[in-house]
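The chains carry the letters A, B, C and D, assigned in the order they are written, with residues numbered from 1 in each.
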Amino acid sequence: MVGAFDYAPAIVLLPFLSFCLAVGVALSGRDLLPKGGALPGIAATAGSLLLSAWVFLTVSGGETYNETIYTWAAGGEATGSLSQPLELTFGLLLDPLSAMMLLIVSLVALLVHVFSLGYMNDEGETGLPRYYAGLGLFTASMLGFVVADNLLMAFMFFELVGLCSYLLIGFWFRQAGPPSAAKKAFLVTRFGDYFFLIGVVAVFATFGTAKFAGEGSFPRLAEAAIQGEATVNTFLGLAPTAWFTVVGLLVLGGVIGKSAQFPLHTWLPDAMEGPTPVSALIHAATMVAAGVYLVARMYGFYALSPTAMAVVALVGAFTALFAATMGLVKKEIKQVLAYSTISQYGYIMLGLGAGGYVAGTFHLLTHAFFKALLFLGAGSVIIAMHHNEDMWDMGGLKDRMPVTYYTFLAGSLALAGIVPFAGFWSKDEVLYEALVHGLGTTSGLGTALLVAYGMGLIAVLFTGFYTFRMVMLTFHGEPRTDTAREATEPGWNVKLPLVVLGILATTVGFVNMVPVKDLTGAEIDFLHKWLYGTEGAGWAETLGTSGYQYHHVLFADYGAGMAAANLPSYLVGLLSLALALFGAGSAYVLYGGADPDPYTDKLGVVKDVLYNNYYQDEYQVWLAEGVVLPLSKAADVFDQAVVDGVVNGVSSVSLFGGSRIKRIQDGIVTHYAAMLTLGLTALLVGFAIYGGWF
Amino acid sequence: MVPVEYYLVLSAAVFSIGLYGLLTRENALLFLMSVELMLNAANINFVAFSLQWGNLTGQVMSLFVMGLAAAEVAVGIGIILVLYRNFKDVDVTVPQSMRW
Amino acid sequence: MVTAPPLTPTFLLGLTALAVLTYDSVWPDSTDGSVLTGISVVGSLASLAAAGWFLTAGTGLATDGVSLYADAVVVDGMSLFFTALFAAVTILVSLASFDYFAGKENQGELFGLMLLAATGMSLIASANSLATAFVALELVSLPSYALVAFLKNDRGSSEAGLKYFLIGALSSAIFVFGVSLIYAATGSLLLPDIAAAFESGLGDRVGIAGVGVLMVAGGVAFKAAAVPFHFWAPEAYEGAPAPVSAFLSSASKAAGFALGFRVFVVGFPLGPAASAGIDWALLFQVLAVATMVLGNFAAATQDEVKRMLAYSSIGHAGYVLIGLAALSAEAATNGDVMGAAMAHLFVYGFMNTGAFLFVALAENWGVGRRFEDYNGLGAEKPFAAVAMTAFLFSLAGVPPLGGFFSKLFLFAGAVEAGLWWLVVIAVINSSLSLFYYSRVVRALWFEEGEHDLSGAPTALYAALAVALVGTVLLLPGFGPVIETAQEAATALFA
Amino acid sequence: MIIETLIGFTFVAALLTFLVPDEVANRVGAALSLVPLVGTLWMWTQFDGSGNALTGGTLAFETQFDLFALSGYQVQWFTGLDGISLPLVVLTAFLTTLAIVSAWTPIDSRQSQFYGLMLFMEANLLGMFTALDFFVWFVFWEATLLPMYFLIGVWGGPRRKYAAIKFFVYTNVASLLMFVGFVALTFGGLGDSIDTLSLPEVAMALDAGGNVSSFMGLAPGTLKLVAFLAMFVGFAVKVPVAPLHTWLPDAHVEAPTPASVMLAGVLLKMGTYAMLRFNFTMLPDVASDLAILIAALGAFSVIYGAILALAQEDLKRIVAYSSVSSMGYVLLGLIAFTEFGVAGATFQMIAHGLISGLMFMAVGVIYNTTHTRMVGDMSGLADRMPVTVGIFVAGAFGYMGLPLMAGFAGEYFIFVGSFHSTVIPSAPLFTAAAMFGIVIVAGYLLLAMQRTLFGPFSLDADYEVGAAPFHDVAPLAVLLLAVIALGVAPDLFFDMILNAIAPLVGGGA
């Protein structure tokens, strides 16, 4: 019988078809499709959503799918240090994690398509086919990435996702800014992907396979190898654990790039040059999530290395705090959201690094919805403000555009982590995992986690503050410009997505209310169960991608060697909630007034530093323009002068030699006779001596 | 009877004299005469060694050489005339329009 | 079965010369060269045919050979091979001369001298005695002087004639003196007898013989335009009428080598000679290196195409000298390498003649002599330019043209003989030659230029076409050539 | 005899094209070039060879007969295809046709000569890739230089004469060096243990090992080393491997677009093809002794070429230097002596042939309309010629190794292959170093695209810039499709390549 899994490839192919359609239209250069190609996109994403839902249901029925469907290239024999021939394949891995992610991606994609009708079509943009082609290809690649069953396939779609991001950021190519931002985004992420690619290659070279799950998947091989039950190649004379750590960190490079973690976060704020729906879809909800999703996808591998876990946690926590501080002082609404995005992904990383597989995934889920919501809300505000993004020109919009306001508020509360909105539950769990594991674990990892927890906790405060500063400045007080006074709410195609996402942002947190469970003992940690499955049975056994497996590895002494302290989660939750409220409250006090002052200016030099993002861009730009370009110029000079100089030198030397030699022929015949005689005499003498004639 | 080596020395001397003249004289006709000397140096050898070896080859050869020397002079004079026609001179060092 | 006298090819050339002279003495002041050209072309063709027939038709001449006139003359594969080559070049040059000298007077003398020289050349190739060799050599030289100086009223021509003559006279004097010394040392002028004398040991006359051998080598070097006897060549080739330059630089050079090959291989067998201290192979190695280096480097920076070709022909003399330099006593490879040298001369007879004929064509058009005067000819006269390009690349030894094959066999032979370093030098030189040959190609095709060119002289074009066919069709047809040459050469060592 | 028929036909076609009037030459040339294209494609479908041509594999479309003896060795006409040469033959025919079409716009003088030369070059290339007798091979090898010399010199840019002669002399000297090396190895080293110069016989004789005798005072080992180095340097110039690359930028910049396409697309591959056939098949032991040197050279070429490309202002120079970079990967893959390394390198030859051809053509199309290639002189072209720019961008990403395009396949195979190589010492480090090229390539291509294609439109000259004509864009599109096809389904070629290189990497097959 044909089930959901037989149609699963269509989840990826549908958006791809819409891409091809849109490309065809774009090439034709005529307006063949209504709505400039939006409708095929909507239809396709809707189809993907339905199929994803079907898959989701099937998976929740306990079935999973982990099959190779296409062999890209396969070797015939084992060469080099490999013990079996390489096989590079495409395949689907449909387990709870990917099923959940499919749902998120296709849903947000659909909503963004709809929203685009309002944001792009109604605003009379040109080049819409190109836009929808980009969206379609992006959706396809992202879905492909989600269902990937091995690291190489994941990498491929990872790159394609990057391409789409490039194309869509640079959508308004006729201006100067977007192309530059697009270039920066691709370059910075490419830098990360460089390490990722080395990681992929290394995984193949080490294990001969890159499958995520099932028998002979590389996390399992690694686990076996560390326990000495299997042998794999290690390189550079490293022991398995050390080598696996290296590989893990290499792959992490790609994660840091895509998920805009420090120090490769600089591209994301610039990426806001792209259309707002794109920011919502790509740079908040999905593509940026690709990075952390990858960590979750191969969690079994990371769980083996305490070092890797510590790095993940610290990078995440530091980024969370770091980005939050920068978000405090931004003027443009999208900039605030951008930095909050970076910060939130920091939290997800923290959760994963802290051994909170569920927690991290949970925050990934909630964040996808509330951040998409916030961006779309911002989009609707921007429409109303005629593409002026400066919050100081807004104010008082809540009466002019109620739907936007309330949905946006819901999103903000979620972001700030105020109970009972989605963000609270997930962020709270992340911090909780960090704390208990930090306290429990004795090794250096423990300390690292505690430090990370501290940073994450402070970030909560800032998050509350900048979130509500944004809300206040945008919607409260008196309108500060005429555009703000005349602002009107856009049409249904904007409101509908907002409402849908608003509801989700409010409610999705309920899928995993761990504190409540601890209080009441009610078994309501659905997400936890969903990701854990049933121990030692079903997919949890066959695929080895279940929380149980990870938990086992995390706490095993050959793995990360974690231990959990015993703490009631609600206490921890209360603490972070208090901080969030304090931050939000202070923002309300400072900016809630009718005509708030730019208090942050009072910070003086600190404000400058924050406003300039700690001069991160400056030093990276300096690296590019101050170091690399001059270096290349110098190399060019060297190449022309020395390397080519030698080549030309050879010819000039021989020509000079020729011009000298021919001077012998001076035109006077007696000289010829003389030289002839001399030559003959020389030969005579020479050979007479050589031959000993006389 | 005169040892044959003496003839060799003689012919070598004549040859060298001719060579010397050829290298030092700039008048084309003197050049020709020097060449004649050198040819005759060869003739000395031929004749002398013809006697030495007791066969006539050498003597015959010397006749050939003389004949050809004459022919050579004929051609040479012709060329020298052409030279004079074009350069108004029989100095062999004058024509040097072509060099290098 | 027809039994023609073995010397038929030579006789035919000579008779043709006489026929030309007869015609000329009957109609002394006709300026229409068509009949003369006709006669000489037909005569040379006949000679070529005869030589070819003797070579191929299993007359046994190619392998065994016969010696005539009390061993003064032999007819064997080598002599026939060279005679064929001389006849072929004569045909080309005669054709070219028809247009080049059109309307000029004394054409009878021109063709007559040319054919006499050709006769002398083929006689050189058969000369089995130093006496014959000397006479034949002069029979080549004397007409050549006159040919070079043929343009009486042209300063260049007469200067060239003078220089050629003076150096020639000196060289022949040296040669004949050398012959006299050989005679002094061995008591004979017949090559086999000389060889016998070498075999049986020269006693205290090694010195005399050595000097003699060296001086004879000088005579060879003069004809072949090899260092240090090359000084006449640049001026003679530059100043002479282009067809004559072609004739000298191809045929006359080949004659020189024909002389060298036979005299040294048959007359002064390397084994005893070397053991006696007269290692002429080493001598030719020195000459080869000096010649190819000087020729190529001097050619690299010339301003005039003709003079560049002159120097390049010196360079080629250097390559061919490998044919003598790479010989070693009793080595099985001797025949191969010398045959390769002969084959190279054969190919050279077409490509180099062709190149000079293009120069003749250019002079006929009234185009200047400098490289830049050739600018844009490719666009205006594609066929001639294509032909010239083929000749030049063939001279440079670029596949798939004839020059590549012959050079390849030559170098291969040298490698076989173990003359590794010599081949390396030769390779360096021929890559340099690539540079200066391509300067002409560049002028022909890459540069823009304007000329008003008067038509396309038919005979010259025909000559070009023949030379082109000879150069290009040697790609498939090279097998026979090299095999004949190597067979003939091997016979010489037998 | 199909191969001979195709080569012969192409020669005749070249001659015909020489003779037709200039007005029709472009169409005649294109039409005639279809025949070898169809022929090679047919051979592709009918390909039944297996194993490596030089190690006794069974050849497809084999022909063999004697020509003449060269000082003791029998020279043969010996052609045939294996999994290595077939893809290159197909590439040659494919690119030639497209290049000829792409020439319709830019070539406006002496058309018949131009297209004749293109076909003449194709014929020689086909011969070079199919010939298995060293002598015949070498003749074709050298003969390919002539047409390119004229294509650059006659139809090239301002400094075309310098570039043409530099290209011609430099590569010719290199060929001579290689020639000497090979002759030393066979004449000197193998002597009479072989009686022909057919590559398989030489390869197997060397494989048998012992029978290399010392020569010119060189011990067998030294002789092999010398011969290897001579051949390696000779081929490295062709590839080109830095620092022997300096003829390439000049040649590319001055050459007309179609010539650049052929030069980058096929002629560079001659070098790596020959390296694979000669150095790495005949003397693998020497190669592995020099592995660290060769791997370092490969990595160096990658990085050095990329850094130089970063400094260029001329679009063609950028692509030219990036060719140096990409060919460095090939060298790295070859020396890896792993299945994916060598096969990936071979695959990368095809991939880079298509992609660099695409890029040069795209630059050419831009040049046709803007009459400049200087990055600084133009911007915002996407506004005026969207389709061309679209393909340009796609091609550029192909060059950057975007997955599902041929370039990624080739590079990834090479990386994974060289990473686990046991021949290269500390292979991972070399691999990682070379891989950094994928960052720099993105750097300079994105920078160039941002400056020329995007932003507000401007042009430092008043030409009417509009969409390019169809026959300019069509070849681009075809190439792009080919690139994607190979990227999605590498097995179109990868299988047969694997099969052909298997014997070289220690495996059975």
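Rule of thumb we're sticking to: contacts are C-beta pairs under 8 Å (C-beta built on N, C-alpha and C of every residue); 3 or more make two chains touch, one makes a residue touch a chain.
Predicted, not measured: the structure shown is a model, and the values here were computed from it.
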Separation of chain C from chain B in steps, with touching chains one step apart: 1
Taking each chain's C-alpha mean as its centre, the one farthest from chain C: A
Pair sharing more residue contacts (C-beta pairs) when C-D is set against A-B: C-D
Between chain C and chain D, centroid-to-centroid distance (C-alpha), Å: 42
Geometric centre distance via CA averages, chain B-chain A, whole Å: 98
Chain centre separation (chain A, chain D; CA means) in Å: 37
Cα-centroid distance, chain B relative to chain D, in whole angstrom: 65
Overlap residues in chain C, where contacts from two or more other chains coincide: 162-163, 166, 170, 174, 234-235, 435
Numbers and ranges of chain B residues touching at least 2 other chains: 22, 92, 95-99
Where chain D touches two or more other chains at once, by residue number: 169
Chains grouped in pairs wherever the two touch, ordered by label: A-B, A-C, A-D, B-C, C-D
Residues of chain A that touch chain D when the two form their complex: 26-27, 29, 71-73, 75-77, 79-82, 85-86, 88, 152, 155-157, 159-160, 163, 170, 173-176, 178-180, 182-183, 186-187, 190-191, 194, 197-198, 201-202, 204-205, 233, 235-236, 624, 628-629, 631-633, 635-636, 639, 643-644, 647, 651
Parts of chain C lying in touch with chain B, wherever the complex brings them together: 131, 134-135, 138, 142, 145-146, 149, 152-156, 158-163, 165-166, 169-170, 172-174, 176-177, 179-181, 183-184, 187-189, 208, 234-235, 238-239, 307
Touch list for chain A against partner chain B, complex: 662-663, 665-670, 673-674, 677
Chain B - residues contacting chain A, complex: 19, 22-23, 26, 92-93, 95-100
Contact footprint of chain A on chain D as seen in their complex: 166, 169-170, 242-243, 245-247, 304, 307-308, 310-312, 336-341, 343, 380, 382-383, 386-387, 390, 397, 400, 402-404, 408-409, 412-413, 415-417, 419-422, 426-429, 431-432, 435-436, 438-439, 442-443, 446-447, 449-450, 453-457, 490-491, 494, 498-499, 502, 505-509
